[in-house]
Amino acid sequence: MDTREILEQVKKGGISVEKAEKLLRGASVEEMGYAKLDMDRDARTGFPEVIYCQRKTDEFLVSIFRKMLERYGEVFGTRASDHQYQIVREAIPEVVYDPVSHIIKVEKADKERIGRIAVCTAGTADISVAEEAAQTAEFFGSAVERIYDIGVSGIHRLFAHMEEIRSANCVVAVAGMEGALASVLGGLVRNPVIAVPTSVGYGASMNGLSALLTMINSCANGIAVVNIDNGYGAGYLATQINRLAVRGIVAEDDR
Amino acid sequence: MDTREILEQVKKGGISVEKAEKLLRGASVEEMGYAKLDMDRDARTGFPEVIYCQRKTDEFLVSIFRKMLERYGEVFGTRASDHQYQIVREAIPEVVYDPVSHIIKVEKADKERIGRIAVCTAGTADISVAEEAAQTAEFFGSAVERIYDIGVSGIHRLFAHMEEIRSANCVVAVAGMEGALASVLGGLVRNPVIAVPTSVGYGASMNGLSALLTMINSCANGIAVVNIDNGYGAGYLATQINRLAVRGIVAEDDR
Amino acid sequence: MDTREILEQVKKGGISVEKAEKLLRGASVEEMGYAKLDMDRDARTGFPEVIYCQRKTDEFLVSIFRKMLERYGEVFGTRASDHQYQIVREAIPEVVYDPVSHIIKVEKADKERIGRIAVCTAGTADISVAEEAAQTAEFFGSAVERIYDIGVSGIHRLFAHMEEIRSANCVVAVAGMEGALASVLGGLVRNPVIAVPTSVGYGASMNGLSALLTMINSCANGIAVVNIDNGYGAGYLATQINRLAVRGIVAEDDR
Amino acid sequence: MDTREILEQVKKGGISVEKAEKLLRGASVEEMGYAKLDMDRDARTGFPEVIYCQRKTDEFLVSIFRKMLERYGEVFGTRASDHQYQIVREAIPEVVYDPVSHIIKVEKADKERIGRIAVCTAGTADISVAEEAAQTAEFFGSAVERIYDIGVSGIHRLFAHMEEIRSANCVVAVAGMEGALASVLGGLVRNPVIAVPTSVGYGASMNGLSALLTMINSCANGIAVVNIDNGYGAGYLATQINRLAVRGIVAEDDR
Amino acid sequence: MDTREILEQVKKGGISVEKAEKLLRGASVEEMGYAKLDMDRDARTGFPEVIYCQRKTDEFLVSIFRKMLERYGEVFGTRASDHQYQIVREAIPEVVYDPVSHIIKVEKADKERIGRIAVCTAGTADISVAEEAAQTAEFFGSAVERIYDIGVSGIHRLFAHMEEIRSANCVVAVAGMEGALASVLGGLVRNPVIAVPTSVGYGASMNGLSALLTMINSCANGIAVVNIDNGYGAGYLATQINRLAVRGIVAEDDR
Amino acid sequence: MDTREILEQVKKGGISVEKAEKLLRGASVEEMGYAKLDMDRDARTGFPEVIYCQRKTDEFLVSIFRKMLERYGEVFGTRASDHQYQIVREAIPEVVYDPVSHIIKVEKADKERIGRIAVCTAGTADISVAEEAAQTAEFFGSAVERIYDIGVSGIHRLFAHMEEIRSANCVVAVAGMEGALASVLGGLVRNPVIAVPTSVGYGASMNGLSALLTMINSCANGIAVVNIDNGYGAGYLATQINRLAVRGIVAEDDR
Amino acid sequence: MDTREILEQVKKGGISVEKAEKLLRGASVEEMGYAKLDMDRDARTGFPEVIYCQRKTDEFLVSIFRKMLERYGEVFGTRASDHQYQIVREAIPEVVYDPVSHIIKVEKADKERIGRIAVCTAGTADISVAEEAAQTAEFFGSAVERIYDIGVSGIHRLFAHMEEIRSANCVVAVAGMEGALASVLGGLVRNPVIAVPTSVGYGASMNGLSALLTMINSCANGIAVVNIDNGYGAGYLATQINRLAVRGIVAEDDR
Amino acid sequence: MDTREILEQVKKGGISVEKAEKLLRGASVEEMGYAKLDMDRDARTGFPEVIYCQRKTDEFLVSIFRKMLERYGEVFGTRASDHQYQIVREAIPEVVYDPVSHIIKVEKADKERIGRIAVCTAGTADISVAEEAAQTAEFFGSAVERIYDIGVSGIHRLFAHMEEIRSANCVVAVAGMEGALASVLGGLVRNPVIAVPTSVGYGASMNGLSALLTMINSCANGIAVVNIDNGYGAGYLATQINRLAVRGIVAEDDR
C-alpha cells in the first residue's frame, strides 16, 4: 500500500487512524532487541537484507540467521569467520561456508540465474574479494563468468578473454596494488565497469587507498567505484545493472 | 572486421599482409600532430570521443572541434571557458554554450531520448556539476529528469519527489559538503545510484574529498561512485545503464 | 498538523486525500526555479533558513533575499562579498553589511536578546570567524559577550576574563594555528565549549585541519567541534544551548 | 574561596601568606605518586574526575578507584578490560562491569535522573560506543532514551521514532561507515545533535576518519562533533546541555 | 612582583585588595580595541612582543607599530608586504623594509650581538626564510653567520664550511624539497640544529610537508623542528640557546 | 613469431586461421586453476616470472614452485615465511631459505654474474630489504657489492666507501626513517641511484611514507624511487640497468 | 685529482698544505653572492649544472645564465616564464625559449645524440611535462623518440607503437589522472620505464599525488618513479641509463 | 687530528700517504659484520653512540652491548623488550632494566649531573616516553626534575609548579591527545621547550600525528619539536642545551 492507498482506506474506514499512522511510519520494521530488521527492504529495493557477520556476537548472529531463513527460505551472510560458521551450523545444519569468500549461506536449490556478469581480477590475491562479488551476484540471481589473474603486468592475458568480457552486461574489476585493471577494461567495453579496489599490496598501497584513488581518477569512462574490498557491494550493483539489462523497463510494472 | 575476419581475408588474399598488420595494430587512430584521435571508440564502446576543453590551446581546440563535427555531425565539449566558446564560435558559428555546465556543443536536432535518468542535487551550488551530468546523458540519448536542492538538511523535500526518483532506471546523486544524499537515496530505490561528490563546501571538506569518502563508505547498497565534480562521467555511466534497461540484451546484436 | 491530525481530518472529510498526500509529502517547500526553499524549517527546528551567499549568482541572490525578507520581515546572509552587498542593496536599500564577518542582513529593530554566550578568540586574526558566530547568535536572539585575543601564548589574558567566561551558558572558542584555546577553556568551565578551528596559520596548519584535529582530540571534556571557519554553525549551536538554558524544558510546549 | 576572598583573608590575617600562596596555586591537587588527582574538578566543572582505564597499570588502577570511591561514594571508569574488572573487583567487590560499553563502576543507588537525552545509533555495531555515551550520561544524572539501529539505509526506521527524538533536550547520533545519520537528524530536530563517529567500517572508512569528516562537514545545523568512538565525551556534553535545559540559568547561583 | 610579594604587600597594606586582585589577574595586558597587547611578555620570556603583519588591517598595523615603538624604542614586524611597508612608513618614517625576508623594523643603532648562530640553507630559494631567521636572531641580540646554498646534492660545499658551522652555539638548517640538510648537519655538530622546512619544491613536496616529515624523522640526534617557513620561530629558539651558552646559568639571577 | 610472421604463415597456409588467432591472442598463458602463469614473460621482458609468496595458500604455493622449477630449472620466491619454506621443502628438498631476506629459491649452480651493482643501507635495520634487492639482482645475473650501515648521521662512513659506490653501474640506496641517504648518494655518483624507502622508523615515519616522500622530492638528480620495502623491484630495475651497461645496444640482437 | 694524488703531491712538495686543504674541502665551488655554483658537478656526475628558473630574481637569473654560458659554451634552464625569457634575451640574444616545455637555452649546434629514449604520454595535456623530459635528454646528448597520447582508455594506440617503444634503451611514461600507462608499459618492455606522474586531473587526483601512488604501487616491474611533473629529472635519469647502454662499462675509464 | 694536521704529517713524513688517506676517509669506523660502529661520534658530537634495541637480533644485540661497554665503561640501550633484557643480562650480569622507559643500561656509578632540565607530562600515560627522555638526559650527565600529570584539562596543576619549570635551562613537554601542553608552557618560560608528541590517544589522534601537528603549529615561541614518542631525542637535545647553559662558550676549547 502506498500513501494514497492508505489515505483512501482511512477515508472509507477500511483501516483505523492508528493503523494508518503505523503504516505511514514504517511498520515493516521488526524489532530484535537492539536491532531493527528492515523487513520492507525486499519490496523497496528488490533485494532482501543480508547479514554482515563481522563484529556480531554469537548469540545475535544465530538468531538473525534463523529469522532471515524463516522469512525468505534462504539466508546469506558475508565476512563470516570459521568460528561463526561453526556456531551457526549448530543451529542451522544446512548452512554452507566458503573459506575463500568468507560467505556463509543457505541458498534455494533451483534458483534461476539470468543475464551475464564478468568478474575479473588483476592477481590471484584478489580472488577472495572477487568471490564475494561473484557469489553475491549469484545469490541475487545473476549468471557470473569468472576471469581471474589478468592484471596489466601481462596484458595479453586480458586480451585473450576480451570477447567474454565484452559480452557481459556488466564487468566487475577487482584489483589491488595500483589498480590499473579498471582503466584498461573501461577503455575496451561497452557496458559499465564496477571497480573494486582491494587491500592487496604493501607500502604506499596504504591498504587499498592507492588503488581506490587510481580507480576514482580513471581516464576511462563508465567506471563505477565501490569501497576497498567491498565485493558484496560490487555484486549487488552488478545485479542491479544485470537485471535492468535482462528485464528492461517492462520490469517496471512489477515494482 | 574482427581478428578472425582479417585473418580469413589474408588467407584468401582479400587484403595484403601489410594492410592486415595495420588493421591489427589499430589503424583507426587518426594522428593530429601530437594527439591521436580514437576514431574507433564509437564502435568499441558505443560512445563517440568527447572533448575535455580544459588546458587545451585555442588552436588545437578549434581543429579538434572541426574534426569531430565533420565525422559525427555533432560535437560535445566539457569544461569550456567563455573564452574558449568565443574562439570556437568564430570557426563553428552554430556551437552553443551553457555557462552553468560549461558545456559547448553542436547537437543534432532530432535526437531521440530513451529511458529515464533522475539527476538529483543536495544544494543549489551542486547544480553546475549536475547539469554537466544531465546534458551529457541527454547528448548520449537519455531522457533526464532534474530534481535539485533536496539535500538531507530538509529531507521532506526529497520525499516529495520519491516517485519520480524511484521510477528512473538510474539515479545520479550530486552532493558536496558531507555528501549524505547518496546514502539516503541508496536506501530508497531499486536501481543504481551514481554518486558524484562535488567540491562544494569549505574547511574540512577538502575540496570534495570528504564527500567522496562519505559516498565510498555508504552503508546503503547500489552506490557507484565517480570522481569529484565528474558530472560527465556520471552522465556517461548513467547512459550505459539506461541503455541496458531500454535495449536489454538483444541490443548486443548491434555491437 | 502532524500525521495523526492529517489522518483524522481525512477520516472526517476535513481535507481531501490529495491535500493530505501533499501535506504528508512536505508541501511546505517553496519551489524557486532550481531551489527549494525550506519554509517549514522554522517550525521544525526553531530557526529560519539563512542564506549562504558564496557561489550564488547575483540574480538568484537578490530573489532569495527578497523572498526571505517578505516572509520573515528580516533576512540574514553569510559569506557575502562586497560585490554581493552592492547588488543586494540596489534591490533592498535597508540591508547592512559588515566587512569583518562578511554578514549582510536586515534585522528587526527591537529584538530581545536572551541568556549569555561568550565568544572568545585566540588571536586577532580569528576575529572574522568569531564575529560570524557572534552576530549569528545575536540575530537568533542570544546575548553575546566578546572576549578576543586571549590565546595560550599569553595565558594570563585568559585568566583576567575567567569570570565572564564561566558565567556564560555556552562558550565559543575560536582559534587557528594549534587551536589549544579550546582545551584550556574546556578544563575551566562548567558549560559546553563550542570549538571553532580557523584557517589562520601557515605551513603545517593545513588551512585549519591541524586546529580541527587538536580540538577533536582535546583532553578536556565538554568540547563540541564544528567545521573550520564555521562561525555560523557555532552561533547556531550556541543559540540552541542558550535557549535551552533560558527557556528550559517548559519551552517544549511551544514546539 | 575565590581570589578576592583569599586576599581579604590575608589582609585581615585570617590566613597566612604561605597558606594564601598555596591556595592561589591550586592546592586542591592530590599527589598520587606520579599522578595529580584534580580534586577541585567537581567544583570547577560540575563533574567529578572519571577514570580512563586504558593503559593504566593494575596497581595504579586499584589505588585510584579506591581514592575516588572514598571521596565521592561512587566511581566511574571507562574503557576497562575484563582483566581490569577482575583486578578491581578483588579490592572493591561491589563494582559492576558492562562488557558492551566496557564501563566499570560503583554507582549510588538512589540517583535522580533529570531531563531527557536521546542516544541513537546507525547500526548494531555502533551500540558499544552508544552505551558508553548513555551510561556516562546516566551516571552524571541524565535520563536517557536509547533508539538503536536507525541508519539511513532504511530511513523509515528513523521516522518511526521521530517524536521521541524530537522531544529530547539533546540527541546523541552514533554512526560509523559514512556517518550520514547525524546530518539527517540535524535537519529534523530543534535541539543540539552530538555526533559521535565510530570506527565501525572498513576500507576507506579509515577507522572512523571518514565518518568524522562527514559529520564535521554536515550541511545540517546544530551538529556538535566529538572524537571517534568518544562515547564518554558525548555523554558528558549531552549532560551539560541537559542540565542547562532542566536547571536553566537559575542554576547559576549554585556555582 | 611575584605572587608572594603581592600577598606580603596586601598583608602590610602596601597595596589594596583590588589592586592585588588586578595584579594577580594579569594587569599587564594593554587593551587595544579587540587586541590585548602582552606587555608583560618581555619580563616573562625575555623577548618583547613582535608583530606578525599578515592579515592585519592597515589601520591596526600602524597603531600597533606606534605602540610598540613607543614602549620599546624599537619594533620588529614579520611577513610584511610592500604595501604594508608604505603604510607604516607614512606614520613612522624611520622604518626599514627588507623585501627578501619581508621584515619591517626600527632597530636601535648600537645593539650588542652576542655568541654565534650559523644559519644555513640548502638552496638559494630557501634564503627568504633563512633571512627571516637570521634577522630575527640579530634583532634579539645574537651574532649570526650566514652559510647559504650548501644542500646535499653537492655536499662538498657543506664540508668547505664545516668549521664555521661546528663553532656555532646553534645551527639553523633551512631546507625545502626533501630537507635532508638537517640530518647531515645533525650528524656532524655538537650543538643543537634547528631544522626549518620550507615550502620550496613542487609536486609531492606538498608545500613543505614532505621536508617537515624528513626533519621530524631524522636519524641524526639533536634536531629541533619548527613549522614550515617559520624563520621567525627558528631565530627566536636559536637566540634562547645562544643566550644560554653566553650567559649561562648565572644569567638566572636576572630573571 | 611476431605479428607479421604469423600473417605470412597464414597467407601461405603454414598455419591455420584458428592457430593464428590463438597466437595473436597470447596463447603463451598457462592456466593453473584460477592463476594464469605468464610463460611468455621471459621472452617479452628478459626476466622469468618470480613468486610473491605472501598470501598464497600452501597448496597453490607448492604447485607453482614445481611448475616454475620444471620450466626454468630454477625458481625464486620472495616474502616467504618460515612456514612456507617448510611446506615447499617437503616437495622440493633442494630449496634454500634466507630468513633475513625471506627469499626461498633453487638457483642454478654455475650462474655467471655480470657488471656491478652497489647495494647500500642507511642502518642495520634496513638490511632485510637490502638483501631482498641484492639476492634478486644476483639471481638475475648481476654482481652485487654490499655496503651497509652508512647512513647520514655518520656521513664519514659513506665517504670511506665512495670509490666502490662510484664504480658501480647502478646504486641501490635502502633507507628508512627520513631516507636522506638517497639524496646524498645522488649528488656524488654518475650512474642511477635506485631509492628504496623502508618501513623502518616510528611515529611520523608512517611506515615508510615519510622516507618515500623524501626520496621523491630529492634535490639530487638521477634518483629512481620504488615502493616502500620493495627490495625485489629495486633488484630487478638495477639488473635492467646493469645489463644495459654490460651488454649495451648490441645486446638488442638477442631480444 | 683524487685524495691520493693530492696527498702524493703534498708529500713531494708539489702543492702546499694550504692548497691541499682547499682542494680537499671542495675548492671547485664558485661563490656568486649567496649562491655557490657547483663547478665540479660535471666531473663528478657527468652532467653540468642546470638552472631551475622558478623563484629566481631577474638579476640573479641573468648573471647565472651568463656564468654558465661562459663556462660551458651552452646553458639550459627549466621552468622559465615568458617574462624570464624576455629578461635573459636582453642579455644573451641567442637564447631560445619553448613555451610548451618552459625551457630556455643556448645549445651547441653540432651536438651528437646517442642511443634511444622513448618518451610517451597518456594524453595531450601531459605533453608539457614530456617535452621537458625529451628536451632535457636531448640537451644531455640522447636521441629521443616522442610517442604521445597513447593512454590506456584507448590502448590500441599504444600497441600500434609497440616496436618503437620496445627498441628504446629506456622508456619515459608521462601520465596524470590515474597514471596507469606506466604499469601497462612496464609489463611489455625489457628496459627500464621511468614513470612521471603529472598534475593533470581534478578532484581526487590531488594535483598528481594519485598518479604518483599508482606508479609507486605498480604491479609491473622495472618502474622507476620520479616526482610529479618532474620532466627534467626523468630526462636526466633516462640519459644516465641511455649512456650506460651506449658506452657500457668501458666508459668507466673516462670518469 | 684534523685535515691540516694530517697534511702536515704527510709533508714531513710523519705518516704515510696510505695512512693519511685512511684517516681522511674516516678510519674511526669499526666494522661489526654488517654494522659500522661510529666510534668517532663521541669526539664529533660530544655524545657516545647509543643502542636502539628494537628490531635487533639477539646475537647482534649482545655483541654490540659488549663492544660499547668495553669501549666506554658504560652502555645505554632504548626500546628494549623484557626478552632482550634477559638475553643481555646473561652476557652482562650488571645491566639494569626499567620496564617503564624500556631502557637497559650499565651506568658509571659516580656520574656528575649538571644544570637542570624539567621533564613534564600532560597525563600519566605519557610517563613512559617522559622517562625515556629523563633517563637519557641523566645518562648524558644532566640533572632532571620530573613534573608529571599537569595537562591543560586542569591547568592549575601546572601553575602550582611554575617556579620549578621556569628555573630549568630547558623544559621537555611530553603530551599525547591534543598536545596543548607545549603551547601553554612555551608562553610561560624563558628557555626552550622541547615538545614530544606521544601516541597516547585514540580516534583522530592518529597515533600521535595530531599532537605533532599541534606542537608544530604552536602559537607560542621557543618550541622545538621532535618525533612522536621520541623521548631519547628529547633527552639528547635537552642535554645539548643544558650543557651550553652550564659550560657556556668556554667549553668550546674542549672540542
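Some points to look at:
Read from first to last, the chains carry the letters A, B, C, D, E, F, G and H; within each, the first residue is number 1.
Definition applied: a residue touches a chain if its C-beta (ideal position, glycine included) is under 8 Å from a C-beta of that chain, and two chains touch if they have at least 3 such contacts.
Quantities reported herein were computed from a predicted structural model and do not represent experimental measurements.
More C-beta pairs touch across one of G-H and C-H than the other; that pair is C-H. Chain C and chain F have centres, each the mean of its CA atoms, that are 59 Å apart.
Remark: chain F and chain G have CA centroids separated by 25 Å (rounded to whole angstrom).
Shown for chain C are the residues that touch two or more other chains, namely 25, 153-154, 187-188, 203-206, 209, 212, 216-218, 221, 227.
Touching pairs of chains, sorted by label, consist of A-B, A-C, A-D, A-F, A-G, B-C, B-D, B-F, B-G, C-D, C-E, C-H, D-E, D-H, E-F, E-G, E-H, F-G, F-H, G-H. On the chain H side of its complex with chain F, the touching residues are 25-29, 34-36, 38, 40-41, 54-56, 60, 197, 199, 207-209, 212, 227-230. Taken in their complex, chain D has these residues touching chain E: 3-4, 7-8, 10-11, 13, 17, 20-21, 24-25.
Contacts from chain E toward chain F in the complex involve residues 122-123, 151-155, 177-180, 183-184, 186-188, 201, 203-206, 209-211, 213-221.
Across the complex, chain E is touched by residues 124-125, 127, 146, 148-150, 153-154, 156-157, 159-160, 162, 200, 202-206 of chain C.
Per the touch definition, chain G reaches chain F in the complex via residues 44-47, 115, 166-167, 169, 187-192, 194, 212, 216-218, 221-227, 232-233, 236-237, 240-241, 244-249, 252, 255.
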